[in-house]
Each structure stands twice: as C-alpha cells, then as structure tokens.
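Both of the next two complexes hold chain A, though its partner changes from chain B to chain C.
And then the complex of A and B:
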C-alpha cells in the first residue's frame, strides 16, 4: 500500500463516518415530512432535526439524584457502539478500508451493546417509566435478534460469507439474476427487523406523548442536554445503519468498486437517493399502519423469523441462484 | 518458554500446596479465620503452580506419566491400574482450573473472612481438597484413577454445598445433588466398563487406538451412557435439576468454583470419552448433542429470566451456557462424521473457548453476587437495589461479567459465540441439506439465547445494583467488598476483556487439543493483537466465511467513546447538575414504585406462557359498604411459574424409588435367622450361576 493509497483510504473511511453522521438527522426529517404530508399537514421543516440537536447541545445536562455512573456513561458507549458499526457496512464504495475487521454478526453484537447500555441507564434513576421502556425494548430486541441472524445466513449463504462487503460485491457481479425470490423474502424479513430495531410503527411510535405506550421515549425521560442530543442522534444513526444495509443488499448496484472520482461521486449520489427513497417508503408505511399492541409484536417477530427461515429453505431446496 | 523444573516436580509441588491447604484448614478450630486465610493462601499457591504446569504442557511441550502399581501385582488386577498423565486436553482444563480457581481463591481470602460466618477454616480445607481432586480428574490416565478422583470430587463438593447445613433447603439441595451425581457416576461407570471390556485395557490412551474396533451397538451404548453421565455433571437439560438447587445453597466462592470449573469437568469427560476415545461416530451423535445443547440454552435462559433469587438466576445461566458449549460439541461431531475436520476444529474451538470464557465470567458473576448477598443478607433481588453507590468495584466487576455473558463486544463471550455462528454458517460449505437446515435453526436458537441473556442481565444488574434501595438492608450497605475480593474479580474481568480484545494471543492454548481431537489445527490468524483476524477456513475458497479483528472493533469502540465523551464535555457550559427525578408532575415516586425483577420479567412470562405456565393468585379484601366490589382495602397478587420437569418427571421417579425401597425394606425383618437364610440363598444362586455361566479362568 502506497502512502497515497493510505491517505485516500483514511479519507474515505472518514467520509463514511461523515456521511452517516451528517445524513442521519435528514432522514428523520424526511420521514416526518412525508408523514405530515400524507396526513395533509404542513409539518416541520426538513432540517428541523438538526435544529433540535443544536438546541439540545446548547443546553445543560441534568441528572436524577439517584443516578449512578451508568447514566453518565451509557450515552457515549451506546453512541460509540453504533458508530463502530459504520465501516463494517456497505455505503458508497467497496471495499471499505476497515471492512475486513468485522462482519454482519459483529454489527448485531454492536447493536446489542448499544441497546444494553440504554436499557441499563433507563433502570438507573429508578423511575417506573424507565423500567417499563427498558423491559419492552430488551424484549423487542431479544425477539428480533434471531431473525437478524437468520437473515444474515440467508443473505450470506449464496455469497459464502457473512461479510457485508462480500455479499454486496457478489450481488453486483451477478446482475439481475441476484434478485431471486429467496433474496426478496429475506429482505422482507429484514424490513421487519429494521422496524423493530429502530422503533418505528407498528412496533413503537416515535411521536407518542403518552408515557404508558412509550418504549424508546420512556427510556430516555431522565436525559437532557447534550446527553439527550447524543441519544437522539444515535437513534437516527441506528436507522441510517439498518436502512443503509437494507438498500445496499437489496439494490447493490451503483456502489463504487474502485476509488475513481466519478465512481465515488456516483456511488454517493445513488446512496443518497436510495436512503431518501427508503425514508420516504418508511414514512408512507407509517401513515398506513397503527401501533400494534405490545404483545402482538411476538406475532410480527415470528412472521419475520418464518420468512427468513423460508428464504434459506427456498435457496437450498429449490436451488434458486447460481 | 524454558521451565527450570521437571513437570513431575511442579505436579508434586502443586499437590503439596493443596495438601498443606487441607491440613492447615483442619489444624486449628473450625471457626478460626486466621487458619482459613492461611489455607486459602495455600490454595492460591497451588493454583498458580497448576496454571504454570498447564502452560508448560500446552506451550512448552512438557509431558509426564506417573503409574502406580497395585500392591500384589498389576497383572492379576489390570482393572485397578492407576496412572496420571498429561496431554493437551488435560493441560487445557488444568489451565482453566488453575486460573479461575486461583482467582476465586484470591477472592475467597476476603469473602470468607467477611461474609461466611460458619466454620471458615473447614470451608477452606474442603475448598483446597476440591481443587486437588478436580486436578486429579483431568490428569487421570486410567479408568480406575478417573473414577476414584471423580468420586472424591463429587463427595468433597457435596460437603461444600451443605456447608451451611442448618437450613433445611440446603440439606435438601445437597441430597438432590448427591443423588443426581451418583446416578451420573453410575452412567459413567457403565460407559467405562463397556469400553474396558471391549478393548481389554483401562488406559485411555490405549482405548483410543482400540475403540474403533468395537461393534456399533457397543459404541452407541458407550456414547449414550457418557452423555447421560457427564451431561448430568455439566448440567445439561434434562439432567440439570440439581444445579439450580445446589449452586445457590453453597457459599458463593464455592458456587463460583462449581459453576466456573466443576461443571466444565463434565465437558472434559465428553471430550475425553466421546471425542478422544470413541472418535468419529454416526451423525446422529452430533445432532443429539446439538439438540440437547439448544434445548439447554433456551430452557436455561427462560428459567433464569423468571428468577428473582440472584444466585439461582446465575445457576440457570450455567445451564444456558453449558447448552451453548454442547451445541459446539454437537456441531463438531457432525462435521467430523461428514469428514470436514477443518470445520470440526472451528466448532470445537468455539466450544472449548466458550468453556474457558464461561469459567471466567461465571466465576466473576458469582463472586459479585456473593459480595452483594453477603452485604445485604438476602438472595432476593426484590430486596436489593442502589448497591452501586456503596459497592462501585463489585458493581463494575459484575457489569463486565454481565456484558461478557450476554455476548456483547468487546468481551470474551462474544468471541466464542462469533466462532460458533461461523461454525454453523460453515454448514453451507458441506452440501448436506439436513446439516444446513439444522445448523441454521441452531444459529437462530443461539441468537435467541444470547438476546434473552442480555434481557436477563439488564434485569439482574439493573434491579440488583441500580435505582434506589428496595429494602432497609440494601440501604444500609456502606462499604465495598474487601480488597482481595475486588482483586480476584479484577483478575477475572481483565481476562474477559483481554480474550475479547486480543483472542489470537490465547489461541495457542487450544491448538494441541484441536489437533488431537479433530486432526485439524486452528483457523488462520495473525498473532498481532490489533490486526488479528480469524477467517473461517472454508475449503476451496480463500475469501469465504467471515473475518474479524476484535482488536480493531475494540479500538474503534474506544475512539468512539472518547469522541462522544469529548462531544459531551467540550464547551459544555456548567458542570452537570443533580436534580430530583422527573415525577410526571405528581408526588415524588418512592422506591416501592420502581420496576421490580418480576415486573421486568413479565413480558417474557406472557409471550412464553406455554413454557412458564404462570399461575396467578390474587386476593381482594373489600372495605364493604353499600356497593361491594368498588372499594378495596387490601389487594394481593402473586404469580409463580411451574417446573414441569421436576414436578411431573423427577418427582414421580423419586416416589417410585421410595416405594420400591419400602418394599425391599420388608426383607430387613431384623431376625438373625432370616439374614442367615438370605446368605445361604445368595450362595446357592451364585454357585448355580458359576456352574452355568462361568468357565472363565482356571
């Protein structure tokens, strides 16, 4: 590796982080805007999430008297765990400079780490709402995790790897034949995982104001100021991570496979289009479903697991694919 | 590494240290705390020597073989041959025993001093003996030596379990443990006798070369008996019922040793008899272990979630983790039967690494639980809470253990589970459809188990350590655990982190075992810590599988944490303020309004109600008056879960044995003449038997 390649590699790595960090609040804004639009409301400006972050950053942090070091440490660790997953996912070019260092199973582990810290912090102050949100969030996460793993196996089995970059490169090389029924079914299962992991409807209503129905919002009631900014930003980053994985595996074409300027710019633009499209679709989807009762979500996760398992059986029983 | 001494000398020094520990514990009065400390110090020394011996065996190629002749000539009684020898497998388990046992011994210095109130010196003495017997089990080279050490280990651990025997539950737990252990010992005896008769030798090394010639039926019987026997010791479902009784009853340092090390001796037994002696078998052996392992993982973790006794919760997690280990063993057996030794080595590496990992973090968790239970005087999590302020050191140690057992990066539990996932993924390289489907389901089971484990440990840590105290006992906790206890926990926590960040530095410990049991070595890796990666060695395709650099993940995490911390701090206006908790505009919430352990578990109880069969009882006393049912004076609500395996499986079995015993008891009339008649009758029967079935020997 020449020094120039090293510099370019580091820059591209930083570019990945920058894209995820800077783009994620916009996606939240798009979803809100799309929802408002389809409900015949004007809605808040597209850049409102950035303004909210700026507002929170300017404010002081307050802690409950009964809170321990867990409350103070959890937001950073939770946020860092999410950031850590960025180089292991496909964004606008391949292969990522650090892509070899982790596969999709690591991503599952990092998401679990992030959730673990938030759920612990929710119990720290001793508020009833915190406990309620904490148990619900861990419950949803525990039920989503097997499906996530099954989807990784379903996506990875034809490519022979659990590495996101290998799966995506395999998809690009295969052309249209890549879009097999098995891939579509597995991706449908992943869409349900995405809804559960990022707390979208029908799993959790991010816009709720009623404590008893909250999941994520109930967990962060005790947070304020920059800590809350980190948590809200983290939530947006988590959505971007999973939405990015979803579109990159489902529609891998356009991701740059060389470090040429034209290819990189094209990849970046296409990534933006794909992510905005996903956000638009989520917004449309959220307008059309109501929040489900908490215990009906077990049906949803069973459905997702069945879809993922069905996809794997389809791949190997029917022999679809190469 | 060059050792200045011969392995025999190390072994003798180790045994001498342990023996000194046993004797010093018995020399003074039973309640002498000073003698207990001296005895535990000898245990620490013995464990250090044991770890040194193990490292010598694993990394330096040391080996020894000590045979003891039976007085009266070995040729006449080959069954009684006794020998102790070393191989990579015994070295690996000796290392586990030496390191984890050593850390627990260090912690015991302070733990027993402060929290054990009954006969500390006796406890210390049996503790040292327990360590020594476990070392002899893993070093045993012949059937007789193995069984002798095994039985000694079981009996000594029984005395440790019933140490606080004034409580009825403790004696009952001890009895369950003793009965189950002896049923297990009987099964092990069957498997070893079948092997000895079939091969004509009692040495494990010679058996391993001859066992291939046994008939398939005998091999199947040996396999099943070994799985039942060693599975019981390990706590495999459905033979696990002793474990959630015995572990909570024992003093916590003993629980740590039993859960961290002793149940692993069951895993060792399976490796010795099934992998080493029997070798490659039909594929249903592997699928059976895989199924039992998956069942144990789910049953263990679901039961753990329903507990509010902290130590019982941890005990059920041992069942879960033994399940994960057996899933790895089963996958390795399947791969062996399919002829892909490289994948078998990967699965076996996951299993043995998880064995070591579970030893580290479970000992850590039991020590942390021991400190909290000792400080608050209760095992009931509903009466804890807020302990983190008085015991930050213990809390931090327990948190590390909780994150490691929940398989979160950057801790060691994640490394072994990642390897196991990769092994399951390897099924797609075998081309066998049944294996692919079975291993995919196994991977989902493992993911579910680790998700549920995270759920359970948020509950366990959150309810025990966080929020405000739920009882006056918890509120009165004023000081952290003794320094030696925190030191022992720090050793274990440091090992959990080190294996999680630079696992490749520790892989050398496993190479010999993998080569011996599967014929293939380690997957390729780079030795340098922060560039390490463990690619799955897929036959044929070089870039298949998954690669990972745990070190890079950890460095990225650290950088992220520092960056987020900087974001949080730099330019912030005022130091963070403490304010009353947000009370939703109502009265300030009291500690009774906090989420409880039972409340936390409720969503799981509801979704898995078919498993738990929760029984709910509620009682309402009314205030009376004109309209009944409106005003309640008091209301009670309780819910409990069933244990159908014990209630409908083991209890009828035990009742059957008791009624059989009563019937047999009628023979004992108490009259001498009747007993004489029995003896004559037995003699006659034996003579007839010799006449018709004998004919062997002169």
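And then the complex of A and C:
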C-alpha cells in the first residue's frame, strides 16, 4: 500500500463517517415530512432535525439527583458503539478500508451494546417510566436480534460470507440474477427488523406524547440538553445504518468498486437516492399502519423469523446464481 | 313493605309522558304513591309540570326509600348534593332517574343543625361514593358507616368544610391521602401525573402493575378545582351562564343550556320556539365537533395518524360551523336567560348546510376507513371493556353507557327544548370496549348532523332579536338536564328572593363516568391505558369544578 493509497483510504473512511453523521438527521426530516403530507399537513422543514440538534447542543444537560455516572456516560458509549459499526457496512464504495475488521455479526453486537447502554441509563435514575421503557425495549431487542442474525445468514449463504462488503460485491457481480426469491424474502424479514430496531410504527410510535405507551421515548425521558442531542442523533444514525444496509444489500448496484472519482461521486449520489427512497417508503408505511398492541409484536417477530428461515432453506434447496 | 309495587309496572305509572298541570292532580295518582306512605306518613309530593316528582323525607327513612328506588323501581342515582340553610340545618338532595322516558324523583331530607349524619348509601349504591366524599369534605355532612373517608377534591387541609356559610378556610398543610397498596412478587406501582407528557388536564393515576398487566388503578383528581359552585352564589343568572359555560370548556353550550333550563324552570320563563331551535342547533354542532375530536384522539392513540388527520379536519369544519352561526368557535357567549344573547347569523344557511353535508359524508368514510385497518381494529376490540352490570352499578351516562348496553339518552328520555319536536335515534352497542365506544360516537356524529340539519330547516337560524321574556316569579328552584357530548349534564339552581343565585349544583357527566376508567383498565396492559382513557374522554375540569 503506497502512502497515497493510505491517505485516500483514510479520507474515504472519514467520508463514510461524514455521510452517516451529516445525512442521518435529513432522513428523519424526510420521514416526518412524508407523514405530515399524508395527514394533509405542510409539515416541518426538511432541515428541522438539524435545528433541533443545534438547539439541544447549545443547552446544558440536567441530571436527576439519583442519577449516577451511568446516566452521564451512557449516551456517549451508545453513540460511539453505533459509529463503530459504520466501517463494517457498505456505503458508497467497496471495500471499506476497515471492512476486514468486522462482519455483520459484529454490527448486531454493537447495536446490542448501544441498546444495552440506553436501557441501563434508563434504569439508573430510578424513574418508573425508565424502567418500563427499558423492559419493553429489551424485550423488543430479544425478539429482533435473533431474526437479524437469521437474516444475515440468509443474505450471506449464497456469497458464503457474513461480511457485508463480500455480500454486496457478490451481488454486483451476479447482476439481475442476484434478485432471487430467497434474497427478497430475507430482505422483507429485515424490513421488519429495521422497524423494530429503529422504533418505528407499528412497533413504537416516535411521535407519541403518551408516556404510558412509549418504548424508546420512555427510556430517555430523563435526558436533556447535549445528552439528549446525542441520543436523538444516535437514533437517526442507527436508522441510517440499518436503512443503508437494507438498500445496499437489496440494490447493491452503483456502489463504487474502485477509487476513481467518477465512480465515487456516482456511488455517493446513488446512496443518497437509495436512502431518501427508503425513508420515503418508511414514512409511507408508517401512515398506513397503527401501532400494534405490545404483546402482538411477538407475532411480528415470529413472521420475520419465519421469513428469514424460509429464505435460508430456499437458498440451500434451489441454490442461487446462474 | 307490602305496598311496594313490583318491577315493571310502576315506572310507567308514576312517570306520565305528558306533564300534568300543577293545579289539577288527578285523584288516581295519589294512590300510586301510597307505598311511599309506608316509609313516611306525611310526605308532600311535589307536583309541578316538567319537574321530577319531589318527595320530602325524614332523615331516618331516607336510606330505606333510596334503596327502594334503586332496587324495586330501577332508578339510577343521577345526582346527590347538599345545601346549607342559614339556621345551620342542611338539606340533602338526591335525584333519581329512570331509564325509559320518565320525570325522575327528587328526594329531599332535612338534617337539623348538630345532626349526627345520615347512613351511607354504600356499599349498596356504588355510584354514591364520589358524591358522599365530596359532601363530607365540602359540607361536613357525615355519612355513617362509610368505609372511604378520604377527601375527593381538596388537596390541602382546611379549617372547616369550605362550603359551610361564613367559613373562609385558610390553606394549611397538604392533606394526607392513602392510595390502596397491593403487595406481592413482581408487583410494582406506576405513578403518572398530575403533570403529563402531553398537553392535557392534570390528574394523578396510580397503577398497580405486574409485568405490563394492570391489577388496579386509582385516579386522584381535584387539581383543577375552581369552587365553581361557590362562585355562582350571589350572582345574577346572566353572569351564571358564563360560569356554566366554563365548567367543562369543551362542552360550553351544553353547560350553558343546562344552566338556562334550570333558571328558566325556576323563574317560570317561557323560551320562544325559535330560540329553542337555535339552542338545539348549537348543541348538535358542539356534539359533532367534540365527538370528532374523540375519534381523532382514538386514532392518534393507536398511532394511526392519517385517520386522526381526517377526523381533525372534520372537527375543524364543525367548529367553523359553530363560529359561522354563533360567532364563537366554542359556542361561548351565545346564550342568555330567556333565549339567546344575540341572534344567530341568519345569512349563513347555505354554508352551514354545506358544512353539515361535508361532515356527514366524511364521518361515514371515516368509520369505514378506520375499521378497515386490521391493525386499528386489533387495538380497539376487547380493549377497556366496561361490562353492562358495571356500567349500571356506576350509573354511567352518555356514549360510555350506550356502548355498554345501557339505553339512555336525555334527548329522548326527558326531552327538553327543541328535542320535544324531533325523534332522536339513540345509538347503542353492547360490547363496552373501545371499539363499541368508537362506533357509538361515530353514529352520534351522524345523528348530530341529521338533527342539526333538521333544526336548521325548522328555522333555527331565523331567531330575531326579541326582548327576553319576563320571569313569572322572582324566586324558586329548577333543574336543567341536558345531553352533553359526554352524557347527561345536570344543573340544579335555587334562585333567592333578590333574584340572585342562592345555590347552584353542577353535575358534569364525567362525575359519574370517572370511576368507569378504573374498571375499564383492569386486566389490560399499561400501553393500552391511554386508549381506554381517550375512548371515555373524561373531563377533569367538569369533575373538579
């Protein structure tokens, strides 16, 4: 590896982080806008989430008297865990400079760490809502994570790897034949995991003001100011991570496979289009569905797990590719 | 006790459909009340057209007669209040209503100064609980044998009962209040409120929960107590309208009409037909807007924002209809004793008809839209069930009662004003869950559109400015019972010789319906509580007054 390649590689790596960090609030804005339009409202500007983050960052954080160091540290660890997952996912070019260091199973672990820290912090202050939110969130996590792993195996089986970049490179090389029923079924299962992991409807209602129905919001009720900004931003980053993985595996074409300028720019633009499209689809989906009764979510996760398992079986029965 | 008539035959005979003129009691009817004689030998039976039958009882027979009304006659407790007289005696009023068309029965008992109290109606009549607790704290009436002696509305200790004449109590320390305690493996408490995450009225909810399942809920209210009943005292009836409007701000028109019905009955004021029609129109427009808000709330609480947006759109149109004809979105300041404060906008006929047609059409689509979503129906069905026997025992009123299989609607059972001219189709469901309440509400919106159109066609907008009719007498008492969007809104008014209000008793429908939520949520999961709450849509302000 020449020094030039090293510099470019570091720059591209930073580019990945920048894309995720800077783009994620916009995706939240798009979802809100789509939902507002479906309700015949104008909705807030697309850049509103950025303004909210700026407002929160400018404010001091307040802590409950009973809160310990866990409350102060948890948002940082949670946010950092999410950022650690960025190089292991396919964004706008392949292979990622640090991609060799971890596969999708590591990503699942990092998301679990982030979830665990949030839940721990929710318990720390000792408020009832924190406890209620954390039990619900851990329960949803326990339903979603095994399915997430199954989906990874279903996606990885044809490519023979659990590394995202290998799966995506395999997809690009196969062309249209890559879009097998097995892949589509596994992706449908992942869509349900995506909803559960990112706290969207029908699993959790991010727009609710009803404290007794909250899941994620109940866990972070005690947070304010800078810490809350980190949590909100983290939520957006998590959505971007999973939405990015979803579109990159489902529609891998366009991701740059060389470090040429044209290919990189094209990859970046297509990534933007894909992410905005996913956000739009999520917004549309959310307006068409009510929040499910809490314990019915087990049915949703059963469905997702069955789809993922079906996809694995299908892969080994029929095989994939030409 | 042999003279007590059996179930079924008596309500029809003591509740004649046509009011009897006060001066000509029919000879036969005296016999119908002979059974009362077995309780109290010399009971004068009040006999004034349109009023409930009035019985005055000595306090020692009071509970016996009360229980008879409840059990043999199947009357329900509609209200229960006290008043103080200057000589230190207090009078207890209980008002009983039957389910079918009926005049109702008004029982009065005088308690002399320094009395030991009266026997508590509990546990036989569960609906009496809040009334008794309020009378104990506000009037110092002692209910012997009552198990629950906690305050109801006041959160601070007072030196004496605040409603007793001449006591201006200072605010002392916080009053102790004991919530029930449930203990056991895995049981925990969730205290919610009085400050909530959304912009709603204040109330404290104490849940005892195992896992997500609700074992018990106790509601504590009183945070918005404004001493409304006290504020009425000594004011003129025209000022009283403003207070009645603000008992429950989202049903201002119903509060005002109930108050005016009471005042007009007390003073013998005849209201013109066109003014009655105008009041009917305003009442139905208010009902439309209110119930559409409920539908929007239910849709929003299940996270179905598109349905909520549609309901809110129609609700806004209804409020605009109110503003169009009455000049106020909430229907405030439009009514006055004897008629209207100002005539309705007679040139708004066409836009009003358009609005009514739009809401009627949209409402029909709305229900179809909501109930065609499996994810919505799944949340509503079987959630927050109030069984018929519970609803009957708690004497529920309004859509909450009608969704639980109780067929009661003041507009049909005890018609007032413009409702004497129309046949109201009363909605009803049996399941008692959130879905049943939603269906009843949507049916009532449709019926409100129909009635509003009917009132408009009959000339509700044509009320010209006319001098208010003169009162036939300067003092007296009267009862106003109106079907508000939440159910039976009841105001009893006593006007003194100076023409000012002497005592006003206000019973918002939520006063009877609040206990229903404690039963509705039992066995449900915590995240379904807001849905139960929204489908009952209880008024904090109306309860606290």
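As a convention for this text, the second predicted complex is superposed on the first by the 318 of 322 C-alpha atoms of A that agree within 3 Å, B and C clash if a C-alpha of one lies under 4 Å from a C-alpha of the other, contacts with A are read in each partner's own complex, and residues count from 1 in each chain.
Throughout what follows, a residue touches a chain if its C-beta (ideal position, glycine included) is under 8 Å from a C-beta of that chain, and two chains touch if they have at least 3 such contacts.
From a predicted model like this one, the values you see are computed outputs, not experimental measurements.
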- Task: Give one of first, second, both or neither to describe whether A:202 is in contact with chain B, with chain C, with both, or with none.
- Result: second
Request  = Once the structures are superposed on A, label A:309 by its partner contacts, choosing first (chain B), second (chain C), both or neither.
outcome  = first
So, does A:98 touch the first partner chain B, the second partner chain C, both, or neither? first
Which superposed partner A:211 touches (first chain B, second chain C, both, neither): both
* Where does A:130 make contact in the superposed view: on chain B (first), on chain C (second), on both, or on neither? -> first
Output check: A:113 vs chain B and chain C. Expected answer is one of first, second, both, neither. What do you get? first
Between chain B and chain C, more residues of chain A are touched by B
Which of chain B and chain C A:295 touches, first, second, both or neither: both
Interface residues of chain A shared by chain B and chain C, listed 128-129, 131-132, 136, 211, 221, 294-295
So, in the complex, the side of chain A touching chain C is made of residues 35, 38-41, 128-129, 131-132, 136, 201-202, 205, 207-214, 221, 286-296
Given the complex, residues on chain A that touch chain B span 60-70, 72, 75-77, 79-81, 83-84, 87, 98, 100-106, 108-110, 112-113, 115-116, 119-120, 123-132, 134-136, 138-139, 141-150, 153, 156-157, 160-163, 166, 211, 221-222, 225-227, 230, 294-295, 298, 305, 309, 312-313, 316-317
Per the touch rule above, chain B residues touching chain A in the complex are 385-386, 388-389, 392, 395, 399, 403, 406-409, 414, 418, 421-422, 424-425, 428-429, 433, 436-437, 440-441, 443-448, 450-452, 454-455, 457-459, 461-463, 465-468, 533, 538, 541, 543-549, 552-553, 556-561, 563-565, 567-568, 572-574, 576-582, 584, 589, 591, 593-595, 599-604, 606-607
Within the complex, chain A is touched by chain C residues 188-192, 196-199, 212, 299, 301-306, 308-309, 313, 373, 375-376, 378-379, 383, 525-530
